[in-house]
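Alright, structures below, take your time with them.
In what follows, subunit A forms one complex with subunit B and a second complex with subunit C.
Then we have the complex of A and B:
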């Protein structure tokens, strides 16, 4: 009897579930990047949808476009995306979105308020990167691909991923963006994408008119609450990434501290390659004044030396380390100052540190934190260690002389 | 009862055999005037021995009807007075000699028939290790086993099974090592068999199995004497059946399907790698096509983007739903397997060419299936062949999983896995837990001889689940 009941239950489980939500692959319009804009007070969605045939055997040799672009408009995101179904044969499938691009206008109106649907819908992926189209509509930057990747979405995602080679770009996904938005005493940042015409040097081998433009993710978008307020330049972005502890690689360039001072040329620079970085943020109250602190521990490898410095000598390495630390300190101080003066918003998360350290005081100043932040003193301490010198010790020109 | 008159006896024998044409009866008289009758089944006996060593001395020298044993030199000569026994023995290849005026018959064992020579079995080929396999003759098979275990403790017990077939069946075990409970159980179940004919050991297997409707067989079979020897030395019981090279061994554990005899002859590291591969292929073979379908139909977000694009590209223009597509490939594969097995070797080539066509590029180009499906189904099939012992069960399990995946995605696969695991681990083989050492858990067994194979000198004990008292196998030559 028990057996019969069990069998019945199992059979019910299997057969009553049915295949109501089964979707064959060839019913899906796989979108890899999606853009949001405001037009006529309505949401305009632009999606880049893969044309899967381009990857199949028969398409080899044929000039089949790898992606199709579709647009839909509506009062809400959902309405706009269902608007697409009237013009496009497949249902939008956004689980594989790598990048979500917001037009500048959309971001200025308030981002978080208007993207409720993206996190309510189970299909959307929270690891998609958030990018703001600088000075443009989202659909204007979509579709530009000057890389090797056949699919423009991969091109955008990869240049954001290149933060590990050059931290002058913002790499923020939905989870991080929203986390920073919800934090008390912190304002979110987002990545930036900008359309640029290729300059002279890039025109080598240019063959088609559609390749006249390229994208760059240089810089970072600064938000106040959920509203876009401005952009940082490349060097400031790098400094912000330093304080946010988001440095995963890249290089640091600083003036070479040459051995014989008379030979010193202002144009002599050296570069080190970042191996590992750890940043600690801290806040302190001294004499009722808030002091923001950052301590950076950096491990680097010597990448390039222009100038007369022999790094086989320990003292010279010390000099190089100091020069490198100084360059970083200067850059970061400048960036913090600019944020304090220009935007007056704490995008570094010092408020979070303050909240943790002085929870009682925080309650009093909670609402004035941005003001306190923009007037606070900033102290930076960089400790650089050059742990490798590369394949040669002495600069190349010196070996030749000897 | 045997009559004194050979004419009566002849009539009786012929009646018993319903005048069958292959029964030979031959009446003759010795030089001294004693009348005799010999009976045998044509083709069952050695004619040379019959002529030279039986007929000739009897005709030339039988003076006294009592002294027949002095003329025929054979250790296997018996006197029999019961008629039914004589009839019985005739069909086992014995020769019956009736002497006129005696109320008994002499039965001489001179049976001889054509046998296959000892060859390497097709199913259990090895690179390293003995290559001889059992043949159809039970006497030869027993000798093959005794050549490996030359001990007085190796015991055979004979049975005759089937009212018509009277099949010679022997159980073999090593006294002192065998689990007496299992042995008693084997004897009990064999004695309960009451069927008209046993044709192959598979018949016995089904008749004495614990759960005959279970997915996995709980009785293992082997074609190689070294495998049987290794297993009965762990305390198991082997069942030899005349007329088949497949020897049954009980009890069986699930993990035996993942083991081969060669694992114990090659170095333990590589054997462990092979064990790991076989475990992997067990799961691949059952679950891969199911997971493929589930991901494709329900969980597209779990496929890496690049793979999703190429999978979607491959599916463009394929007219069938994904489940049907996989089913078609599986049916094609099973057809190829089956036809390749049964066809005569001379047209086997045709099958492999046709098989390559329907399972390969041609099918993809024709737009019936997508290339990815071909690959997935083929990988599952190749994985299946690494575990020939479980292969039949795997095919069924795979189809069940595919159906469940088609209905309910990963959810369905999980249900299928749970049902299968519960079913498999609840099986018993002759009172021994089939899932040992996984459930019930035995770390010693798990560590030494399940997913890895420990060096021989570390396997100090026999599998504990098979034993009731004699655990220790060796005193290892090395100490830790």
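Then we have the complex of A and C:
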């Protein structure tokens, strides 16, 4: 009996160790998105915290916001987050952060150097998405929710996740950002978030709230080392995602290769839906010149045809495939050229490929890689396969032969 | 008080599982190999190469243990070196076991402090660990190995379950280019350094006389070396191809960070599974070293080892708290590595090699006795 009592006491002790570290839910301010800015040469943290009163029965009908915003300022991230405790009655709890937004100025000063605390502290999740507030402070893009989601943080997280439907956005988490930062022969990229004025029709919400703005994650932020140097537009972002092999879905729109020459002049467009994509990057040295190469194999489904083309004919499908491939090739070539000329930094990872393929040569040129990259020739080969045509074959306006 | 050491008989599986988990825990905790040599994408080659060095460096101990398979390390040291030098060697290995114990407990407590209970005082975590380990040690080698038979499959299974869950985050290109950024010398130095980290051969040669079939010793040594290093290699590769080679070096507890990156849809928090299996493994490791520290003391004092379990635990608790509350252990990797390396070289290579040389000259006389 004594032994059983002793065993029970010992077993209980194991579970008691948590007492020191116990955190009661009613003492925590659960943050879902956090923003970092530089203000007066100090770090300004803005956290969006869930308002637990909002979801309670009593609160229904009252004008209570779903979230609260708190700010803290300090010389370091830690000091700024502790500053919040002087103004807010709960301790900031950031484990549920899905998104971290950095103001443009913060990103320009160097991300990796300044986020030490986030990766040193166990509360922050390494899988949180990294977003840069384009042309703005982080707190300026927070608090906007023009979607169905009541909580703005969920709204932002969901539009970032929509990369699977539209690859014109950057989806990068902390681990991926750091991996690319540490790679020799590659510079990191990150997602962006931008505040945009809404069209007139959407401005007034049902609850009468200010719905003047919406957020968009269109584009990508380009870094040199850990410092923000600029942004890519949506089409260039899609092209970068193609080369980085990060395309998981989305559409390709291209001019329809019509049988009727007159119709082609109208610049009709068709769209294919991406089913699967595989990209292989390569680098070659020919006559002492570095050639950057990308080979893309794409499987798609016909999503929309505007134009005079009958896809029940194999030859026409082939024409559509070629037109789709050509559009991708043009888009990617343009994006690579823009990055080479405007930013002069390798965000595609061609340097990594060079290192793998020519490790000895790499040791000689590693310090000059960005210069070599920006002057290198780029070659692309896209192979599109349309493997589905949808529920209809010929376009609706075309009368089939009786 | 009954002696738990004298009448124990252990099967091949029991000892194999014990030795495997003692090594696996090293990889699960702080992956020292990512810091050796150049610590680049060729780390997995260094690990595989270390199998060969481990066999070479452990040869003196394994050879002597085969020759004196009715005696443990401390007993055959007496036989070979004589009473006086034998006692000095026993004292040396007692200190090694105690130091190893302090090291494992401080690392264990450090991970608990950082990853689980930052506000819980160090003394409490240390006391708690030692209560559990002292109880297991008190139950003896048989209890420890039977505990291992239940726990080790859970640890190994759980670990590989975690590796499988992270497959979506794998990027094997992180391991390229192979063999181009490290020289032959780098790889071999790294492999040698790594082979010193696995000091658990000392536990094996302490267990040898308790094996049901003593011919299993070589099989256990080879198999445990291959299995455990393969397992650690898989852990390190999974971590490097998820976190990247450089960030793995920055992390104090790389596999813990690896488990934090795992998600299935909206489900996170797989690090708690890791912590669970990691605690079980560490309890086994600390218990084993605590037990053999007391066996060494038994040899020195001719008193039953159980007498020493509580006093030794108390001394270790005090020393651990003293060290742990003064400075971090793992982040100051250079000093830690140097201490482990020097002690391992002395305990695994130098002392056994001296014993082997003496045995060679005295073998005829020793055979007659």
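We adopt the following convention: the second predicted complex is superposed on the first by the 369 of 402 C-alpha atoms of A that agree within 3 Å, B and C clash if a C-alpha of one lies under 4 Å from a C-alpha of the other, contacts with A are read in each partner's own complex, and residues count from 1 in each chain.
Here is the rule we go by: contacts are C-beta pairs under 8 Å (C-beta built on N, C-alpha and C of every residue); 3 or more make two chains touch, one makes a residue touch a chain.
Computed from a predicted model, the values in this text were never measured in an experiment.
Of the two partner chains placed by the overlay, neither subunit B nor subunit C lies in contact with A:9.
With both structures placed on the common chain, the touch criterion links A:182 to subunit C but leaves subunit B unconnected. With both complexes placed on chain A, subunit A has more residues touched by B than by the other of subunit B and subunit C. Once the two complexes are overlaid on the shared chain, A:285 sits clear of subunit B and of subunit C alike. By the document's definition of touching, both partners, subunit B and subunit C, reach A:21. Of the two partner chains placed around the shared chain by superposition, neither subunit B nor subunit C is touched by A:334. By the touch criterion defined above, A:387 lies against neither subunit B nor subunit C after alignment on the C-alpha atoms of chain A.
Legend: residue contacts after superposition of the two complexes on their common chain; A:359 is shown touching subunit C, with no touch to subunit B.
Contact with subunit C, but none with subunit B, is seen for A:126 once the two complexes are overlaid on the shared chain.
In the superposition on the C-alpha atoms of chain A, the part of subunit A touched by subunit B in one complex and by subunit C in the other spans residues 10, 13-14, 17-19, 21, 125.
Within the complex formed with subunit A, the subunit C residues making contact are 114-121, 124-125, 128, 131-132, 135, 169, 171, 173-174, 176-177, 180-181, 242-247, 257, 260-261, 263, 268.
On the subunit A side of its complex with subunit B, the touching residues are 10, 13-15, 17-19, 21-26, 28, 30, 32, 50, 52-57, 59, 93, 95-96, 98, 123, 125. If you check the complex, the residues on subunit A that touch subunit C are 10, 13-14, 17-21, 122, 125-127, 175, 178-179, 182-183, 352, 355-357, 359-360. Every residue of subunit B that touches subunit A in the complex is listed here, in rising order: 296-298, 300-301, 305, 308-316, 318, 321-322, 364-365, 371, 404, 406-409, 411-412, 415, 419.
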